[in-house]
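Order of writing sets the labels: A, B, C, D and E. Residues in every chain begin at 1.
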Amino acid sequence: MESTDVAIETTQLLRWIILFPLLGAILNGIILRLKSTKLAGIVATAASLAAFVASFMAVTRWGFSLEGASLVYDQWFMWFQSGKVSVPFWLEYTPISGIMLLVVTGIGSLIHIYSISYMEKEVGGYRFFTYLNLFLVAMLTLVLGSNLVTVFLGWEGVGLCSYLLIGYWFTKTENAQAGMKAFITNRIGDLGFLISIFLFLAYAGTLQIQELNHLGPQFFSALPSWVLPAALLGLFWAATGKSAQFPLYVWLPDAMAGPTPVSALIHAATMVTSGIFVIVRVWPLFASQPEVLNVVFWVGIFTAWLAALIALTQNDIKKVLAYSTVSQLGFMFTALGAGAPEAALFHVLTHAFFKALLFLGSGSVIHGMHHEQDMRKMGGLAHHMKFTHWTFVIGTAAIIGFPFTSGFFSKDLILAHALSRGMVPYALLLTAALMTAFYMLRAYSMTFMGKPRSDAADHAHESSPLMLIPLGVLSIGSLFMGWIQTPHFMGGGHLMETAVKSSWGGAEAMKPFAEHKISVGGEILMILAVVALILGVAYYSFKVYREFQSKKFISPAERAVGPTTAAPFINASQNKFFVDEAYDLIFVRPLRFLSGAFFRIVDETGINGLLHGMRKSLDFSSGILSWAHTGNVQTYAWYLAAGAAILLIFVGRVLL
Amino acid sequence: MQILTYVLVALSIMSGLGVILSRSAVVSAMSLMVTMFLTGLLYFSQGSYFPAVVQILIYAGAISVLFIFIVMLLDLKPSRVLIPSRKIVVFFAVLAGLFFAFSLMFLILPGVSRSSLVGELMSSEGDVGLFNAKSISLNLLTKYMLPFQATTLLLLAAMMGAILIGRAGRKKED
Amino acid sequence: MNTEIYIVTGVVLFVLGVIGFLSRRSALIALMSLELMLNGTNLCLISFSRFHGNSEGGSLFLLIVLVAAAEAALALSILVSLYRTSGSVDLDDFRLLKG
Amino acid sequence: METLELNLNGAQLRALLPIFFLCAMVLVSLVSSGYRIRGSLQRSLGLFSFVVFVILNFINLPYPDTAILGTSLFVGMLTKVSSIVVGVLAAAACVFVDEEDHPEWLPLLSIAVIGLSLLVGARDWVSFFIYLETFSMPSYVLASLRLKKDGGFESGLKYLMMGAFSSAIFLLGITLVYGFSGSFDFLSILETIRSANPESPVGLLYAGFSLIVVSIGFKVALAPFHMWAPDVYQSAPAAMASFLASAVKFAVFVAAFAAFSQTGILQIPFLQASMSAFGILSILVGNLMALRQSNLRRMIAYASVASAGNAALVFAVGPVGLNSVLVYLAIYGLNIVALFALFEWAARENGLPSSSQADLGCLSRAIRGKPLAMTALGIVLFSLVGLPPLPGFFGKFLIIRDLLRADLFIEAGALLLGSLLSLAYYLKIFVPIALETGAIDGKKAALAGPSSTGSLAGFYFATLLLMVAGFSLAGYFNLVGDTSLFLR
Amino acid sequence: MTALLFLLIPTVSSVLLLLFHRNRVMAQWVNLVFNFLWAAGLFKLWMEFRVQPETSVFPIWFSWDWAPFIGSRFSLAIDGLNFPLLALNVVLSLSLAFYAIGHEKLSASYLALFSFLNAASVGSLMAADAAAFYLFWELMLIPMYFLIGKWGSKNRIYASLKFFGFTMAGSLLLLGAIVYVGLNSPSLGWHDLKEQRWVFDGWFSPQALLFLGFLAAFAVKIPVWPLHTWLPDAHTEAPTGASVILAGILLKLGVYGIARWCFVLFPEASLASSTFMMGLGVVGVILGSLSAMAQKDIKRTIAYSSVAHLGFMVIGLFALREESIQGALFQNLAHGLSTGALFLIFGMIYDRTHTRELKDYGGLATKNGVLATLFLFSAMASIGLPGLPGFVGEFLVLSGSFVTNPWLTILAMSGILLGAVYMLSAMKKILYGEVSPTLEAHPVVLKWSEWMAIAPMVVLMLILGLMPQGFLKLSESAVLGMLSVFK
């Protein structure tokens, strides 16, 4: 460590947070390999709970605001070191890590519990729980890692687990395909992460996050001006992969092929937010680069908009939630881009709760419907699944920003920051929020309202208590989590702000953009207007879709949005704006073509062709030579005489 | 004397041509004998009497006769020098020969005419003692004793070969 | 009398032999050409020997005669046997081994 | 007039003893062949005489160099070592002589050995020529020993006619050299060259040397004068062919190298260059032609053309290259003898009368399932390829070292390229033997042919000798020490 | 003496194994015993290696004056550069010995050739003399030629010839260079040659040509693009064991050779060729990966993945920085294990199904979950997932080369992505989806010995991935010593 005036506290607690789930994974995956899914689930849940307890201990020990500028390290072991590259496997506690720890282990544990019931009919479900535990290991490494490579280890680790879990039902090729798509898309992003690492290594000479924070903009301003932006853009590029932003978001909707608890844990609550988390960790660097933040900002807005548009017309309940996730992640990036890491992280937190809730709720529905995910075949489930229904209502309320639910606070914070960057972004973001209200109410209404539209819906059953308890807990979180960080005029908590600010190891982050002061009254007015708009849209959507009938609504979105002139647009939205097809056309096919072409042209025709050509020319020349060997002794003698004559002539030339 | 030498040279070359141009093997063999004889005379003309005698006795007398015997023995039909398929062979052979001759002359003549080689051969009378049977035999019996002895092995081998092969050829007829 | 004329004669005889050896179809005549070549060589040899005034050339000449005789004898015996077995002494007929 | 000096002192007699012994054995074997004794007995007699010949030369090794009768024989280290190698090769060839062959092979072979071992010691062109003929004459007969079978007549006639033709050229060459210097003695010729003035008829000298080079090129089968070699190696009896391909090539090369360096041919850059040009041509032609051969012996014949090319490259290095030529060709000779014995054995196993028509299928039918033979074959072939630590590697290594030391990169490159090309046909041999598992086309004839044990023994014997040669290399270099001692 | 012992154990075993050519099963067990003996030898080597002073440069353990006439001593030396590879060789060989147990095709002669191959490869690793090095370098060809040519699949003869021809072409240039290098040196020993300084001014100067001569052999072996086309054929046609050793050891010898010989003997030329060679490495990475994508044959895919990975190693070597060279050397081990494991596992599957076509596979995970997991594990190790050894190697390589040449490094990084593409596509096809008729017809149930074969590799991969530091430390002083010639 470079000598700073920062006090360093060492501990050995943090490693246990990782070791417990690792132990669980080893037990489940290698040693026990239980036949009973339930028992395996219990083992895994125990491991997860143990990690939660350890996390809790850590949080109680250091809290959400580190005094002054102290660092907490668990200096575990030296991973590898060579020359300039030094990668210690150290774990670090920062307040934001603390928050993430609680989210990951807490929500993780809930989802473990939920899964015990959800997966009980699986044969060999121990595999599932092994993967879940492994995911926790990786995610916690990501959260706790003290340097970029350790973070990267977790980063790729969660990618691997996501790959495994998406493709959990691997007998269907599409599932395996979706897993692969996720992994590869993430890898595209990871290249950015690596480039960023290499840039930091080459120019700053260190990969310890806090050291980078300490070096700060002053250090980097001495280097070529492109270095820091490039490195940060690399990180952001990686984040667009992991956190499903445009252009790399395409894997997330497909990732819904995995079991629903996985979607809840990985593809909603934890993994997909790691991009935001990592950016917040090196925020002092980002804060010094407004241009980079601008990119982040607009990508966030665009993604929020695009995903919301697509979500409007999806019929698969999990797809709606998936696009909603993409859209919400876009909100978070917008917050980052607007220079408000606390807002982004706050939304991460609240989103973790309500989105996990929504996913688990939809999981409960799907479970009740015997793995039917098409909303057009649902309807009227409110009667059959009362508890699930009410938790889903809470989740929906939270996500659309119903006043005083958690989503209300976080989303309004983001909107406020967006406003400070100008009216246009604000308007765009607001539209996205309105669309959120529309599609969420649409999903809610189609699922729970009206009459059952299929036998399965008619005979749907409420899920077991083991699945409902997590729903309950998450509902509570979704309702009240917002109060930890409230608008200034409400005077409530500002835990996020303090946590974020004390997470940089004492380094200061500058304000990237000028503060835009709005009067308290104006702010309240604005919030009220927003709430009114949102509720209006929500009510409209509710009204339209409450009586949704599958026969009548062959193209339900068409009816929803209005006249037929919009039909092409709806078609496009339903088909996700053909982004997948475009990627296929622009990247996948050319790559496949190139690979075949290169192999055939360079290897087979070129190099091997050259070799065969050489062999042929050898054959040919030996054929010619063979023709010269006539077998007639006089020919032989002729060569002798001619050879002698030629030699004599040459001698003559040389000599005379 | 000089004219005589030129005549001998011309004659020997002509008979040499006869060897390679004649259609009949008998004519060739006779021409060979004549060439040998003329060469012997050329030795005489430069005063190398002993080699001349040897040449005429052994070469012209024995080896050529051996050829003639064989020609008679085999009773060969006259063969044409130029049959269609051989034209190209002949062409190339002559080409190679001319090149050979040309390059040899090219190399030898300037050297010979430029150097101390130009000039009269030593007179045939003055140094008979130096270049006669005795001096040659002395060489063979002292300096070249070992090669000379080795020729016995050589002849033995040739003899054995001739016997072996001749016997084998005869066996066929049996 | 200068040496030149003898040398030239010797070389010409030699080359005549070469041409004969290369071009004549009959093995017998080819062998005769070979003798012609040796004869040409001998002429050169004797002339050189005579010129240098030492008898070494003469010694070699004797040995050449000996070798030539041996070679001729061996070659002719092969020829005779060949003629007996295949009825021909044409070199064109002996090209089983080639390529 | 020189004094008549025919007294040989003790040292000279001792130096000549191996030759005398072999001359005696020529007579003995002549008598024994006259009585048509059993083939195996003749073989033992041959083995005995060559082994004793080798031993006598070994005994002679430590004694100082001796010149005998002026320039006609110089018994130095080179002569003795070469005699040993030639004797060993002859002995190895003896082991697998066909018992059905005419028993005259032994006296003929002995005469050839005498000629070869004398050849290396020749220090003037007359002796050189006579020794050359002394081994050539029996060689012609040995090549046509098979007579009517396998084209023996044809190859014998070709060999003889070509040999005589090249002899004539050789003679013209030494005549011209004599014309220049007035002497046949190597050293006097060198003296004359050194003292030559612009007026000297150097054209004679150069023309003579060129012709000598060409005819020596013929004797060692350098391209483009190599064409007799495949015919002869294919149709002569296997043992004799192996002798021609190994011992003759070895001795002529070494003798030529000694003669060339002493008489100044190797001091003439152009002739050095032309020698290496012939070498490069041989490497190309030999390897390319070997690629397309299906007949095993013909293939090896072409391969040996390429090896002759390898050795010829060293002429460009000058006198210091003698050692590498010697080692390379000695080892190469053993390889060749082993291969010929193996082919003969394979042919016998297949019921063929001789290996003249043996092809790869024939060999693989015979050798499959015989691990020892296959291992030995592997040793021989990989030695030919030049894989370390097999002896063939050291030969090549020494040659390359000499070439590179003289900065002859093109020659070294040609050698390496040739080695690469040679892989194609050497490795081809393994394909049906060790790699393919299916049955081989054609069938094994009923075992009506003559006994095959002798050839197998010959194969193992030669392989063993090969390994011994490899192991004794260090000792050999200890013995000869500085290479400049070699040439006086 | 221990070094010699270590070399002699496989040599002796190869001879002894021939004695059992009538009893296959016996030979397989004897082979296993010998491999354990060899492992014990390795342990003894380790005990002595550990106490060897760090300052000693390539210390000679054994020396024998075997060929003074060419200026060569047969000397063996061990330092941090070659010791890990020796260990890898033993591990792989032990694995394969387990794999061989009960295998019907692997006869005594196969095992004997294998032991011979082992001897040759450790010999060339330990050789501290150019001629001895060349000796072992060439000796590797013979067993490999027969292993591929005899025990391979349909096209094996073509493949073995191609292998031999390519390698020999490179080796001959090496031979020429070795001979030339030794001309003015007191001996061919590594330490003597190191003292020689050859003139370097332009690409026709002696040092450059010598460097190219050495490089030719190593580049063919690695193989550096465009000299790589023998590798897919050889890998594809070779029997499983040969593929494993080919990927695990033989290719590594090229990397090792460059580090051991090229860099130390010809520093200026190495430096001058750095960018070009890195460029070739990049081309290898990209074209290798692309070609791997285009393959329909599983072994070919893995083979092309080797081309790509070895491209990374070339980049690492020629970046000429401590971390990148360390990375390349570490990648040696990582790739040896991961690709070795891939070949081994697929070999076991192939033993049962007898098809290499990708389209014949599917749903292995349903039939044999554990094997599928291990297969996937190896694939992940191969594509450089953090926590597995491939990552450490690639990371170090790229972090070093990024400093030397960032643009080439960024180009090379596309290989990381493409690697994931082809490897995961293949895995998806093999492991997932419906069970294919082939797998339905030929159940893949492994014997205990086969599990024993995979186990050590997997365990080692985990250890290397999570705790690479020990291995990096092992070679640190050697690499630093090597790099000192560039100053």
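Structure notes:
The definition used in the following text is that a contact is a pair of C-beta atoms (placed from the backbone, for glycine too) under 8 Å apart; a residue touches a chain by one contact, two chains touch by 3 or more.
Computed from a predicted structure; not experimentally measured.
In terms of the stated touch criterion, the partners common to chain A and chain B are C, D, listed by label. When chain centres are taken as C-alpha averages, the shortest distance to the whole-protein C-alpha average belongs to E. When you average the Cα atoms of each chain and compare centres, the chain farthest from chain C turns out to be A. Relative to the C-alpha centre of chain D, the farthest chain centre belongs to A. Counting C-beta pairs in contact, the pair that comes out ahead of the other among B-C and B-D is B-C. Computed from the mean C-alpha positions, the centre of chain A lies at a distance of 78 Å from the centre of chain D. Per-chain CA centroids place chain A at a distance of 97 Å from chain C.
Mean C-alpha position of chain C lies 65 Å from that of chain E. The mean-CA centres of chain B and chain E are about 70 angstrom from one another, to the nearest whole unit. In chain B, the positions touching at least two other chains are 89, 92-93, 96-97, 100, 103-104, 106-110, 112, 117, 135, 138, 143-144, 147-148, 151, 154, 158, 161, 165, 168, 172.
Each of residues 126, 129-130, 133, 137, 140-141, 144, 147-148, 156-158, 161, 165, 176, 179, 202-203, 206-207, 230-231, 292, 424 in chain D touches at least two other chains.
The set of chain A residues touching two or more other chains comprises 626, 629, 631, 633-634, 637-638, 641-642, 644, 648, 651-652, 655-656.
Chain pairs that touch, as defined above: A-B, A-C, A-D, A-E, B-C, B-D, C-D, D-E. Against chain E, in their complex, chain A makes its touches with residues 77-85, 124, 127, 149, 152-153, 155-157, 160, 163, 167, 170-173, 175-177, 180, 183-184, 187-188, 190-191, 194-195, 197-199, 201-202, 591-592, 594-596, 598-600, 602-603, 606-608, 611. Interface residues of chain B facing chain A in the complex, by the touch rule stated above, are 89, 92-93, 96-97, 99-100, 103-104, 106-107, 110. Those residues of chain A that touch chain C in the complex are listed here as 626, 629-634, 637-638, 641. Remark: chain B residues 103-104, 106-112, 114-117, 135, 138, 141-148, 150-151, 153-154, 156-158, 160-161, 164-165, 168, 172 touch chain D in the complex. Across the complex, chain E meets chain A through its residues 162, 226, 228-229, 232, 287, 290-295, 321-323, 326-327, 363, 365-366, 369, 380, 385-387, 391-392, 395-396, 398-400, 402-403, 406, 409-410, 413-414, 416-417, 420-421, 424-425, 428, 431-434, 466-469, 472, 476.
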